[in-house]
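Two complexes follow with chain A in common, the first pairing it with chain B and the second with chain C.
Presenting the complex of A and B:
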């Protein structure tokens, strides 16, 4: 099953090129240069991984991370940045980011992280489904 | 070293650090795009070797993308170099319009992050002043930073460099959010120290939504 990925970065050339390289590797990739559009997309669609730039116009990457995690805790978010500091990395991980990678990134490294994200998300979704079924069974007087 | 002197030095380092971090971020973005484009060229070459037909135009576009990013990085480094050289001499003749232009270029990413547009209007002619270039850059950045925060709903800061009877000045206009700013909030001690050193003055006109930085044409005694 192809990994379904959302790429969010305000650098258009970077976004377009990375998306094409990921598509060549069989991934299903959506892109946006807008943080607000990314929030809308995550409400409408489910992704195995979201690769998010830390510094975006309109909204800080950490704000976007918080907003996505609040609505979809199972979403796996990998933060990508050209401005990495240890503090930001720690903050991102505390807010629930799956990983924090510095630009320029090796595509093989990113691909591995995306595969990890897909596996992680699958576990979380399966657990959520199991919990739901358990609740239904407990609430019925069978 | 006095406490005041330590604070001034620290503020200068902070400014230098803030600018350097922003510049390095921009360079990394250019490098990241070059890295991905080179990677895509490699991918396409492999596909070509496997017999997949590809238009030569694709390669031209990607080569163009790399050249564009190299030029971008080169401009960033040139600006960084100009900025770094502002510490060469304590007092120097500078052209005010050029100095402001450099600081606005370095502020572009900060403006973009806040969704603010900086709209400078070139002076009618060159305005040469004798000043402390690094302090002037620092003060200009603090004013631009304040102006961006005071831009209000209009999200635009106009900048006019002009020669007046009182001396050369820079007007930061269209500050719609200036009404909500308390008079004791700006200038702070950080700006006041630079204003003293540059023999400059800051005027805040809340009604007109303007901040006016009046500079000395020559700070030499």
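Presenting the complex of A and C:
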């Protein structure tokens, strides 16, 4: 099952290249340069992992992270940044980011993280499904 | 080290090398000089004037006392002498009234009379009766002078007009100093005769020589022509002419000041003895009289000199100590200021590094991905890449490299200016250069930065590095105050009197009025929780002062803050 990934970054050149490389590795990649578009996309579809740039013109990466987490808590988000500070990293982790990686990044590292994210998401989704089934079993008296 | 070098306090040549021409709070040498001068004037002027006044007062009182003493001595002595002469004259007067002419002509009677006179009064040598023709008709005395003709003698001519005559002291035939007292008796028939007595001046001499005159003084008698009538101690023998001028006539005792032949100051007390040709003179050496006073004066001057020296030493010592302490404190203040400045510089460098890292990492990431993709295509797809695609990749990589190079170049350019001092400044260029560093942040946070520099701003000399730091600090400050989407307007205006003003106006959160007065204080920060050091604005203030400018702040809570810097277009004279 291919990993479904959303890439959000304001550098288009970077975005396209990374997307192509990931696709070569068998991932299903969507891209956007706009934070707002990213929000819309996450509402419409589900992704195994979202790779998010921390610094973007319209909206701060952390804000996007907050917004997504509010709606879809099971969404796995990896933050990518040109300049990582400990402070920002801690803030991101507190807000529920899965990881915090500094640019430039080795594709292998990123792929691993994405796979990890997918597994995590699977667990979460399964747990959710199990909970749902449990609920249904408990509530419906067949 | 020479003695001078050892004595010279540290502050004398002290100069804070790091301080700008406007940072010199104290000129220690000036402070020291002022302190010494003021305290010296304030302490020494009253002391010296008191001593001078006292000196004058005591000198005057001592001088007047000496004059008074001399005057008293002169008048006492005059009284004695005139009494002596009056006594003898009165005796003769009595005789000439009492005796008949026959009695005078009787030699025995006359001898007895002379004997009685000698016993009763003393000093008489001889006595004679002279007829109106000047012939001595009767004579008693040690010489054979009976029949002597006095008609041509000057004293006889004098007595024709006066009742009493007292002569100068003279030698006469006798070769002994003596004087003549003559009284005339006019009979009822208008005829007259003269009684003439010679009086020894020994009595005189004794009188005067027994006088105690202080100050190497001298008491003697002169006649109106200035001839000495009695021997003197220092002013010559009898009949010599006195070296001093004859004092002018005065009915009363007088004391004058004059100079003797040796040029020394003397006090001359004199009195004209009435009805005689005599002037009594008492001459004293002023220097000797004043000796005790001179001794006191010497002590006074010595005391004054000692006090002045001690006061000066204390003043110089205390001033040096205090100024040294001020200098020490100032030195410590400057050191801590430098430390603070340095840490602020480090902080700005840190901020710069952060921005630069972010900007470089982005193109690096692109290069990374592009090369990765090239490799992917070659390895995974195992096909031949078309050269056009390869060229595309290469172009993209080159563009990213160029981006990195531009950033590093800009950073180098910025860093290079930090050390350089006064040089011509293009204000527009400096402002834009500084904004470039914060440009990304502005872009990310949608802060609109507008710069308005009119073209009539001339180039001017200033410290570029300091200006950059000032602008960077203000920019950081504004960004911290602005919320995303805020505005920052930087306006440059030429003011009159060779001034240029730069205003950084933001529409951020503003500063509460109670904090406004303290924003330039060190360690005052409302952002301490968010990484503010509280030093940015205080250092900015210091930097502006160093390049001769002025910084003011206006703010309204919720509406924004504006910082205004005024800089001189001409470099300050150092």
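Just so it is clear, the second predicted complex is superposed on the first by the 142 of 142 C-alpha atoms of A that agree within 3 Å, B and C clash if a C-alpha of one lies under 4 Å from a C-alpha of the other, contacts with A are read in each partner's own complex, and residues count from 1 in each chain.
The rule is simple: contacts are C-beta pairs under 8 Å (C-beta built on N, C-alpha and C of every residue); 3 or more make two chains touch, one makes a residue touch a chain.
On a predicted model such as this, the values are computed, not experimentally measured, just so you know.
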Next on the checklist: According to the stated criteria, A:126 is in contact with first (chain B), second (chain C), both, or neither; which is it?
Outcome noted: neither
Next on the checklist: On the A-aligned overlay, A:37 touches which partner chain: chain B = first, chain C = second, or both, or neither?
Outcome noted: neither
Checklist entry - With the two structures laid over each other on chain A, which partner does A:105 touch: chain B (first), chain C (second), both, or neither? => result both
Checklist entry - A:18 contacts which: chain B (first), chain C (second), both, neither? => result both
Next on the checklist: Counting contacts the way the document defines them, which residues of chain A are shared by the two interfaces, the one with chain B and the one with chain C?
Outcome noted: 11, 13-14, 17-18, 20-21, 24, 55-58, 60, 82-83, 102-105, 107
Item to check | Touching residues (chain side chain C, partner chain A) in the complex | outcome: 354-355, 357-362, 364-370, 372-373, 376-377, 380-381, 396, 400, 440, 443-444, 446, 484
Next on the checklist: Show me the residue ranges of chain A that touch chain C in the complex, using the header's touch definition.
Outcome noted: 11, 13-14, 17-18, 20-21, 24, 55-58, 60, 81-83, 85, 102-105, 107
Checklist entry - So in the complex, which bits of chain A are touching chain B? => result 10-11, 13-14, 17-18, 20-21, 24, 55-58, 60, 82-83, 102-105, 107
Item to check | Sites on chain B touched by chain A in the complex | outcome: 21, 24-29, 31-37, 39-40, 43, 47, 62, 65, 68-69, 109, 112-115
